[in-house]
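As written, the chain order gives the labels A, B, C and D, with residue 1 at the start of each chain.
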Amino acid sequence: MKYLELTVGAVLVYNFVLSRFLGICPFLGVSKRVSTAMGMSGAVVFVMTLASAITAAIYRYLLHFSLGGVSYDLGFLQVLLFILVIAALVQIIETVLQKLSPSLYQALGIYLPLITTNCAVLGVATLNAKANYSVLDATIFGCFSGIGFALAILLFSSLREKLELATPPKAFEGTPIALVTAGILAMAFCGFAGLC
Amino acid sequence: MNKSSRKVMSFTGGIHPVSAGKKLTNTQAVHTAPLLERYTVLVQENAGKAPEVIVKPGDKVLKYQLLAQASGFVSANLHSPTSGEVAGIVEVPGPMGVPALAIDIRADGEDRETDPFEPIPDWRSTDPKVLLDRVSDAGLVGMGGASFPTRVKLSIPPGKKVDTLILNGAECEPYLSADHRLMLESPCRVLEGAAIIGHILGIDKIYIGIEINKHDAIAELERFSEDYGIKIVPLQVQYPQGSEKQLIHAIVNRIVPPGGLPADVGCVVQNVGTAAALSDAVTLGIPLVERIVTVSGKVLKDPGNWKLRIGTPVIKAIEFCGGVTDEPSKLILGGPMMGFAQNSYEVPVAKNTSGVLLFSRRRALNYRSGSCIRCGRCVQGCPMGLCTCLLATAIEGGRIDLAEQNHVMDCLECGSCAYVCPAHRPLVQTLRLAKAEIRRQRAAAKAKAEK
Amino acid sequence: MSLFTNKKENGGIRLPDAKNLVLSSSPHLSSSADESRIMIYVIISLLPAAAAGIWFFGAPALRVILYSLVFCILAEAVWCFIAGKPVWRTISDCSAAVTGLLLALNLPPGVPFYVPLIGAILAIWLGKQIYGGLGNNPFNPVLVGRVGLLIALPALMTTWTPARGMEDASYPQHHAFGLTDPSKPVTKATPQKAEGELVTCATPLGVASTAVAKPGKYRFRKIDNPKMWKQYFIGRQGGCIGETCAPALLLGGILLVLFNLINWRVPLYFAGTVGVLTAIIHYFAPQVTPTPIFHLLTGGLLLGAIFMATDMVTSPISGTGCVIFAIGCGVITTVIRIWGNYPEGVSFSILFMNALVPLIDRWFVKRPFGYTRRKEV
Amino acid sequence: MSNLVIAALVMGVLALVLGTAIGIFVKFFKVKSDPRVELVLELLPGANCGGCGCAGCADFAKAVASGRLKPNGCPVSSQEQVNAIAFALGVDPGEGFARRAVVCCSGDKFQTQMRKFYNGAIDCAAASMIGGGPKGCRYGCIGMGNCAHACPFGAIEVINSLAVVHQELCVGCGKCVAACPRGIIKLVPADSTAHVYCSSPEKGAVKRSLCHGGCIGCGKCERAFPDSFTKTGFLASVKYDAAKLPGAEEIQTIKCPTGALATEVDHYAGEKAVREGEKK
């Protein structure tokens, strides 16, 4: 039951994009085509899962530990270390992706490096730390938060592909209409409030 | 067999257009048009190569005399509709909206004939090759639609085996009744023609598919069909029942693969008009110079079916019907669903002109360029099972690639979608545009690959 | 240039100049179907529900309906005027009137005038016109309006007035809906309302969502029994103007099917999914949720399933797609009703599924003629 | 030990571990890429118009970096930008000239006869398939704006059912040329100012009956300036490869009887004046 709450909560109720409003940059930036959006969300799921696992481990075992009877609290290093780890992780993924899937690498473009400073990834790490999840819980939470991001961007990109064919007034073409759509989507997600 | 209990064949999708149009003419016997002073015979009738004109201005010609010789595979002979003098090779308004070349024949009023071919009454004992040559000599083309030379359709590509001949007497287009009257008034010519085609192809399984709204024609054909060993298949009244793929599906329950031809599933489809003309060419030895044309429309004084010579300007056909009682706003050559709107009364009747229709402003579909409301009626109505509305929206948004992925090339352009569209969107036109563009792109890609 | 100029005298027949013949692509015939006619049929189908709403909730309901209609049509006119679109042509397709009527049916009776005003602006501007007008909107405009109001003005949007017949003391479970029993003295807990003040009540779903917290296996027994079902069915329950009276809604649904405007599978699968899911959950855990009959008769399920999930513009094209759409709506509605904060989830579920429509359209297209399952090109 | 030292230690060790990991990954997953491609891409306009013939700017950058194309292949870049690319790569910028598009038709809805009632999709290609579109002339501009939609720079405007190029916005990418079903949009040298606004090869009398603005092939321009103009059939054309391109002065002296030969400025001003006149 705990895991159900953890997962459903992460995907629907506290959706990273549509209810916490984190990770908006790639959400808007890489959602013009469903295919690239899927690639991006794959990368985000991977980074978030891995980042959650590693940062939770660091938080538990590296920032709070006792040595020789003295307990140390390096909580002040939290953000610094998290960014360091995430940056390294993204760098590695970028290198791997460039080799394995150049087309996806091309499509993601600048957004891949942007995951480094993506608030969604840092956010998931910080939320894990705040809730003091165990490494397993944190990994699950991270993974499903990523899936929540994927769901949001999948819906959004398919809507945007459809909107591309619509004929909005000139003033609302492009980003304005996308933002309105994202707002209505967020409204629909409001209905899930209280599920867990 | 009791007619009402008989199984009526059909296909999925399609529409049921208003039936009032047929009633204008389907009880009118075919009249033979009087001789005119001038005929303009279009040189090029189909998408293939134009035949080579062998007469010069000033030449005296006789009726049935060869005017132009087929050159190339997809090309058909042309014969003179009457005797007279060739006044010149002139540009006349073509049925496709662009000027086209035509042989201008001034009739001398005597209508003297030549005997271009020997009649072959005992065709059953004649070599199919001889008959096939006769088909091309007589300038026979598909009289239902694209004017494709019959010779080509009867030459089965090597490696393919056909076992079924289907004669298309569905005449599913509203307003048209030319084929109906032909079947009713000369059933034996149709049946004989079918039997000859069967003989040419070595087929004994022959069907004639007819929509059940022509029950009198069905009865008439059934009186004689036993003698020829031909089966009459009543079909549901549903548009486009007369489309090759749908007809084959309804009658023999075979599915032509996408981009394929009827021969891929062992079928040959011919129009009943073509069969009748073929019978004339073989048994009487006369080439194709006239056809039955439905001249109809509420605005006409006396709509009717007329036997018109090829090259008759449509204005004459309108005159034969006593002119108009109200302002027409649209002139259509062919059926109302797939025919072409004209902006000249001088367009000549060609071998594939099944109808000349005049519509008033109220009757004719008025297109609007509004948005799709996604009601899905076009999807239900599409006989090919395409999501027409999504295709059209994609094409309008410039995503022809998306349309190509979603099989826009399978579109028949039958017009069912635009007929049912409550927003009156020009769906067929949009799809046709995309098809032309995709064909262009493919040709360019092919040319590039070859280079 | 008029069509009737330059008449050509040719052999005594009167024909317009050939230049003035209309050129267009085939086909040259059309069926009698027309956008505005479709919208008028939808309005006709909505009338029974509107009439029932006015009957059950009286003048305030009529007022809300009129406000909503006027504001929606005005909002459309104003937008078209500003955007330089033809005003009259846009209004005459009657889609704004449909939106207005449906929005009113989705509002509680007795809301002040600015609620339909805000709703109309949300629905017409943000829900529809910003996307380019009728046909381009991915979300149902009515639901954009309603959900927007629900989130922005939760108090107003959940203040319900009792339907005709509920205020009588003879109404079963008078108490359960927060109504005063006149036979009992006024206490502090149930203050008698002053003259002219709105008498409020609770909706069955609202009562159910508070009853969950109560102890006992049969905590829903009071509001969920055959006697009450009868009351709910005829429309004696608190709720939005158009959602309470099942016979009127079903009549509207039958009309829509007869007019060939909706796919009958959508309402059936939507309601069916809710029924089946709540039946299963009720069977295994009766303390969690009332019976499926209660769920089918209360709240906006019928209104949503018949009129909103079947909106042509925002539902999938193909038949399979529609069924998936309807089942999805049913599942989400059930989940929100049973476990969510909101007692009602129909609007949210349809809005959410609207967002899925492009994907459903992409993944569940009809297979064209001649394509076999294996040989996909 | 103080917190500070521990913190430094932790950070240091972590940085070392991560650095090593990245190093290893880079070693195993190294992709050889030409850094110059990125450099060229930076310098390109990034409009992805396809005017160069490549699929977007990235493709063109690759082609330039590999030496397959010259930097001046980009029709959008100014001469300075081309030179910058050439300098960065150390290659020859290439000889050539910048081009501009011209819609060679003056048949707006007042000049030409709006001959046919057209009812259908608002699209030049679609309209041209139905009896030749709404105008009488089968060679002229249809005026439904396919070129205007295709232009990535918003340089084409349809005024009075006639497409007109805004020369100051046009970069000569050639997208409109491909979009026009009639093929009447020409790419001309950017420094040319006068053009023959007609593309119909029909006989002068026929043209005259259909359109007041068409070239009737009188030959006045050719006679006056044989170096700058030439006439084939009934259609005059500017010799764009001539040493001196005709300018406003020449046009003044020729006084084209139909106004088919005009300067860009006059042509646009004329159309605009008609539109404003109509408004009143």
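Everything below uses one rule, namely that a residue touches a chain if its C-beta (ideal position, glycine included) is under 8 Å from a C-beta of that chain, and two chains touch if they have at least 3 such contacts.
Small disclaimer: the values here were computed from a predicted structure and weren't measured.
Peer 1: Could you let me know which interface, C-D or A-B, is made of more C-beta pairs in contact?
Peer 2: So, comparing the two chain pairs, more contacts are at C-D.
Peer 1: Farthest chain from chain A, going by mean C-alpha coordinates, please.
Peer 2: It is B whose centre lies farthest from that of chain A.
Peer 1: Measuring from the mean C-alpha position of chain A to the mean C-alpha position of chain B, what distance in angstrom results?
Peer 2: Computed value for the inter-centroid distance: 61 Å.
Peer 1: How big is the gap, in whole Å, between where the Cα atoms of chain C centre and where those of chain D centre?
Peer 2: The separation of the two C-alpha centroids amounts to 50 Å.
Peer 1: Quick one: report the Å distance separating chain B from chain C, using the average Cα coordinate of each chain.
Peer 2: Computed value for the inter-centroid distance: 49 Å.
Peer 1: Which whole number of Å gives the spacing of the CA centres of chain B and chain D?
Peer 2: It comes to 44 Å between the two C-alpha centres.
Peer 1: Could you list which residues of chain C touch at least two other chains?
Peer 2: Within chain C, residues 3, 19-25, 132-133, 136 contact more than one other chain.
Peer 1: Give me the residues of chain A that touch two or more other chains.
Peer 2: Residues 166-167 of chain A each touch two or more of the other chains.
Peer 1: Multi-chain contacts only, two chains or more: what residues does chain D have there?
Peer 2: Chain D, residues with two or more chain partners: 115-117, 119-121, 126, 129-131.
Peer 1: Under the definition above, what is the set of chain B residues touching chain C in their complex?
Peer 2: 12-13, 15, 17-18, 21, 97, 174, 245, 249, 255-258, 260, 315, 318-319, 322-324, 327-332, 334, 336-346, 357, 359, 361, 363-365, 367, 370-377, 379, 383-387, 389-390, 406-407, 410, 413, 415, 418-424, 426, 428-429, 432
Peer 1: What part of chain A is in contact with chain C in the complex they form?
Peer 2: Result: residues 34, 154-155, 158-159, 161-163, 166-169, 172, 177, 180-181, 184-185, 187-196 of chain A touch chain C.
Peer 1: Using the touch definition up top, name the residues of chain C that touch chain A in the complex.
Peer 2: Going through chain C, the ones touching chain A are 83, 126-127, 129-133, 136, 138-139, 144, 147-148, 151, 332, 335-336, 339-342, 345, 347-349, 351-352, 354-356, 358-359, 362.
Peer 1: Which positions of chain B touch chain A when the two form their complex?
Peer 2: 371, 393-394, 396-397, 399
Peer 1: Which residues, counting only chain A, touch chain D once they are in their complex?
Peer 2: Interface residues on chain A, with respect to chain D: 58, 62-63, 67, 72-74, 76-77, 80-81, 84-85, 88, 91-92, 95-96, 98-100, 102, 106.
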